[in-house]
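Paired with chain B in one complex and with chain C in the other, chain A is shared by the two complexes that follow.
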Partner chain A sequence: MLAREWFQDQLRNIAPFATLLVLVILFSLSSSSFATLDNLANILQQISVTGIIAAGLTFVILCAEIDLGVASVANVAGILVAWLTMQDPSVHIANFPMAGPIAILLAILLAGGLGLVTAFGLTIIGIPSFIMTLAMLQIGSGIGAMLVRGQIAYNVPDLVGVLGNGSIGPIPWIIIVAAVILLAAHITLTYTRFGRYVYMVGGNREAAEYSGINVRLILASVMVISAVCSGIAGMLGVAHFGSAQQDEFDTYLLDSISAVVVGGTSLFGGQGGIGNTIVGLLVLGVLNNGLDHVRIDSFLKILIRGIILLLALIINVYAQRVRSRQAKA
Partner chain B sequence: MPQESLPLLELCGISKSFGGVAALTDVDFTLQRGEVHGLVGENGAGKSTLMKIIAGVHAHYDGTMRLAGDPVRFRSARDARDAGIGMVHQELSIVPNLSVAENVLLGVQPTNWMGLVDWRAMMRIAAEQLHELGIDIDPRTRVGSLPLGLQQMVELARVLFSGARIIILDEPTSALSPPEVERLFALLRRVRDSGRSIVFISHFLDDVLRVSDTITIFRNGRRIETAANSGIDKGWIIERMIGSGHEELQESYTGEIALGSPAEAKVVMRTQSISSPGAFQDVSLEICAGEVLGIYGFMGSGQLELARALFGKISLSAGQLFIDGVATVLHSTAQARRNGLAFVPESRRSMLFAQEPVYRNVSISILDRISWFWVKPTRERAIAELQINRLQIRPPLPDRKLATLSGGNQQKVALAKWLTHLPKVLLLSEPTRGMDVGAKDDVLQIVKSLRSQGIGVVVVSTEPETVLALADRILVMKRGRISQEFRNETVSKDRLLAAA
Partner chain C sequence: MAESTDMSDKYRRDFFRLAAASMAGAALFGGLSPALAAEIAKETGRSEKPLKAAFSNAGLQATWCAQGKQAAEWWGKLFNVDVVWFDGELSATKQRNAIDDMASQKWDFVAIQAFGIGTLTQPVKKMIDAGVPVIDMDTLIAPLDSINVHSFIAPDNEFMGASVTQSLMDAINGQGIVTMTQGALGHTGAQGRARGFESVVKKYPKVEVVDTTPGDWDVSKTARIWETLLTKYPKIDAAYFHNDDMALAAYNVMKAHGRTNILLGGCDAMPPALAAVEGGRMHATVRNPSCRIHGGAIVAGVAAMVSGEKTGNGPGMIPKNIVTDGPVVTKNNASGMAWMESHYLI
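And then the complex of A and B:
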């Protein structure tokens, strides 16, 4: 294969990695506090919750679908697990305390259940995922709002507390959980039959169907996987932030979609993977963290993030066009 | 007859290749003023590539093009259109939800002083234009509600109205009934007599012989011959189209084919008055083990949808389906596959994963047999290699990205994915579309070997030659119904066409 062809082929993998390198070098040069081991732990911790959500979202985007409900599902799962835990009397929530493991199980079931509803709407009724998950975003927020009623809950089951906020030695548990989930997602996508089907359905849905793959089952599965990942992220996030309240995960929707797309996974499906998502997470993490170190106007930060996302989208679409041109020739 | 001595369009030494595969080699082509120029050749012979160069779709090619003596090089379809070259594709590009008038004047709507569309003028101009062409339809009619033949004429009217001097028609008669063909030909003659030139691409040789003044024959990317349409006949054309050494194919074009009379074989699949609204009605058929059932019909006769319905892609509104004698309702293609059915759709794009390596394309439909949870790439590669050798897929590399293979080889990959665990019934939709003669021959041989292994093969096609070359028994479909069955007899292309 010619060098140019190889480059075009790998463009979606090379570009995010190059972006990451450039950012790391830039911030290391302009701030002495950036390139430290402590700060690396900081960055990893900051991207852990997003990472867990993005792991599930990668499955969805690989199938050329989208899940706009991830942050909302995360939020409601976090709220539910707190609602099912004994709260301090000062918290005025009519909650329903249960044993920790049961609370965790129920929160995961709620997230999975919401994923099933999305899956039903998408595959049986035939509502496009963009609209369907927009509705689920509202429904998730609605359930969360009904549970906390404007209050803030603080207590979570012990296990959630440890995984979300504890450390084993110097390493925060939440980084380990995120790493394990990302690794499991990677193995699933790369080495299992289900993972292969995800890529095939995303690469050419019609061809998958004509090959006798149960496309609807695959689509339903990825929506449930995404919701369950969001649910786990939500519970750990609540422990990590120290409170459960409404709208606390709002920024995670854009962050997780950005991470997947910036990493180079194709919005058109079938190309990319967890490796890309991890690079995307690091790009966003380094960018957010690094901008704090160089003392920049905090309002400018938002604009810079927007520009980076736009550049990633341009590369994403361009890489797709190069590939489809190759396919035609 | 030409008024000036210079030809209207002259192409010299045109070559074009796609990813190293030559599509055209050193082709000369001349189009005179006021002629209908028939273009014939097998699929993949280079006709469409040449026309796409003329119409500005392919901007990169070797060779020169002269329009009325002036050298031109079109960079886009728009360039070509501005120079007076219009193309009517097989898949029409009309807007079905707009009126006839809006379609005819698409992009050039008359406006009033406020810059708004002047509807009255539009209707008037469109009516005049249509009348001039001898097409009697109300310009206010919604195009989508017209029969296909008239839709095509609306598109033709649009191309003419846009000022085209050269009109390229790609397979204009394949979807038309005989009276519609008559009307189209009358229209083409009027257009020709007004001094414009027409390129008529078709593999309906009778149509080409009836309407063309000049005929050019292509084979394997080369122009074989150009001749005035006098004293030549179908046999003469076919000889040049196919070349020597393909007797079976040649026979399917000209001769009477004796259909086989298979021994009493087991019925593997049977339908009883199945219907699908808007596609086909009341279809009852049987597929036996070890036979090739051909289903032929014009485009839009419902046979393509029938094949999809047999594979569970389209649901049935009425009737019953029996697989091995057991009544079955197919809810999904996955279920159809588990029941031993296999399907290869007509378009390569809708059955292959262009970005994936060959071996994954081959293994996709048997993945659940070789792996329960973990994928086994080594095993998949071994299986792919087996099929690559068996079907002589080139290049013989299982890790090659599918998109880099030639069309014929891609088609073989599409077949290969069903050949590792043999299905009971293999449904092939347009199996030879877009193939050159050699690849067509290969497919013929593959299908025959499958039949001898006891598979029931269904070949659905709008190309009569394909059905004739392959089938032991032929069903002809017309407007969604089976109109005739041919078995134990000799049949020719003419009789097939007459039944459709």
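And then the complex of A and C:
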């Protein structure tokens, strides 16, 4: 009976990990090129940009909010850092080159500034995060379009170039940056008072308020954290992919939300964490990568990804219900 | 006697070439003796041993790309190439991940149409450094002087834009109100088509271009644009669209407004547009030869592997840049074009 209760209690954590194991075994058996060190580095590299965005997004979702502007903020920060860097004469963009560190700082400030606007709309005006961040999605996209005007910029500051596209020995810097950010996010959520407040706000907002927690401040903070993480991801992404262009990172919105939710963090807030997000990232990374290593119809791949996402969501909601029932009992 | 031998050799070569080029040929090879199959392979350039090629184009959601995939697979069967597909899913980042995965596996040759210029450079360079011939299709992976691709097979977008615009200008006798609905502004194809359109229009002082809003290849956005244009301008004589899908989407809006007198010019000459040209709903389109580009990549890859064809301008070499031609399609040649497309010839 105890084992059953423990299993039900941990279902949200066990299911994604089991999914990951099954996928790894399945792809390893199906393809000789999958289970190699080279491909492991490939997978980690592929999930790095998503990982940085998802780290910030985990804070938001733990508070039972959503940030639909992450990909757009990432894109505009990446575009701005390139726009503030000297480009080749063949690039027809009326830009404003300046020193690398200043360009990086301004891009992070822009991302943080967009996060502050979201925070203002959410906590002061009272616009639901879904609507507020939908507007930020458009605003970020619009600023990016205004800066590049349909053109493509290639150069970024040296530091961004190294962190996004360089390696230290055999390990790409972008993996290290993603790991450091995920670790910092984990420590913040697990070992700091702010982290506990995030869980409390997400778990029961009313109770958190009665406990004297400044809920608005926590919500504003998580929105800024999410935007800054997106900004960093965008800058490194531009270096990693080799170009800054309009709407380049659009797919990261769904990818990052999927990573957080598939990993087991509750969409209803208060449960989950960075550990879950890492498992979610690996599930999606292994799934996307593995499907490219086995012979499968190209059109079927998209469907398979969708089905696995749906299964993860069903488990997420089911686990939530089980926990609620247990809490009531 | 010698002449007779030469003639019989010639006939045999012709026969084998015809056999290899026919649709039935692909199925036929399975039933031939190994010696005869080897001779056919020698004469046609078909690989004796199965080759493994990886292909990727912008996204199979686009009909042009889906047709290219079918063509590559058909030509692959003909030349004994096993084609594995990595879908770009109309996303620069997704395609980059797919090409990263491609680069971690072993291939005889690869062919790629980049969704975003500059985003695939690193994994493509990795494959080139490993000695894999990389054929660049339709859109630049990176500027040609910065990456050592085996060959770049692409249409002349400026020519396509200019030729279909010229057809429209002829039809309106060089005067009237004209629009251009563009593709995504960052796309080099759209930029070339716009240059082609402008180069022709500027020769006609009595033509007024009233709108060049980009539809971004998006049919719903194009429909919105055209709702506005039809309200704003009571008279429009001709409209050029950077692809057929947008032209057909705009036609539906025009039909709803009872404004089907506007002459439409498109680009790509995909089957639905050919039907529209034949049916009089579109005035003209221009063929962007998807089958020729994707099939050409198979032939180029096989030639590199079988006969060691290198990049260069000398005899027996493949040029670094191959311009694939596609004609303007009007009512006169639409059915012929449809036949050629159905056999993956253009």
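Just so it is clear, the second predicted complex is superposed on the first by the 328 of 329 C-alpha atoms of A that agree within 3 Å, B and C clash if a C-alpha of one lies under 4 Å from a C-alpha of the other, contacts with A are read in each partner's own complex, and residues count from 1 in each chain.
We adopt the following convention: a residue touches a chain if its C-beta (ideal position, glycine included) is under 8 Å from a C-beta of that chain, and two chains touch if they have at least 3 such contacts.
Please read these numbers as outputs of a predicted model, since none were measured by experiment.
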Chain A as common anchor, with chain B and chain C clashing or fitting: fit
Which superposed partner A:M200 touches (first chain B, second chain C, both, neither): first
Which superposed partner A:Y191 touches (first chain B, second chain C, both, neither): first
First (chain B), second (chain C), both or neither touched by A:G150: second
Touched partner set for A:G126, first chain B, second chain C, both or neither: neither
First (chain B), second (chain C), both or neither touched by A:D38: second
If touched residues of chain A are counted for chain B and for chain C, the larger one: C
Partner chain in contact with A:S211 - chain B first, chain C second, else both or neither: first
Which superposed partner A:P89 touches (first chain B, second chain C, both, neither): neither
For chain A as apex, the angle formed with chain B and chain C - C-alpha centres, to the nearest 10 degrees: 130
After superposition on chain A, the shortest CA separation from chain B to chain C (Å): 33
Common ground on chain A, meaning residues reached by chain C in one complex and by chain B in the other: none
Chain B-facing residues of chain A, complex: 191-193, 195-197, 199-200, 203-204, 206-214, 216-217, 270-271, 323, 326-327, 329
Chain A contact footprint on chain C (complex, rising order): 60, 69, 84-87, 89, 91-94, 96-98, 100-102, 104-106, 116-122, 142-143, 184-186, 214
Contact set on chain B toward chain A in their complex: 18-19, 311, 313, 332-334, 336-338, 342-345, 349-356, 360, 364-365, 367-368, 371-375, 403-404, 417
List of chain A residues in touch with chain C within their complex: 33, 36, 38-39, 42, 45-46, 49, 90, 148-152, 154, 165, 237, 241-243, 245-246, 248-252, 288-289, 292-293, 295, 298-299, 301-302
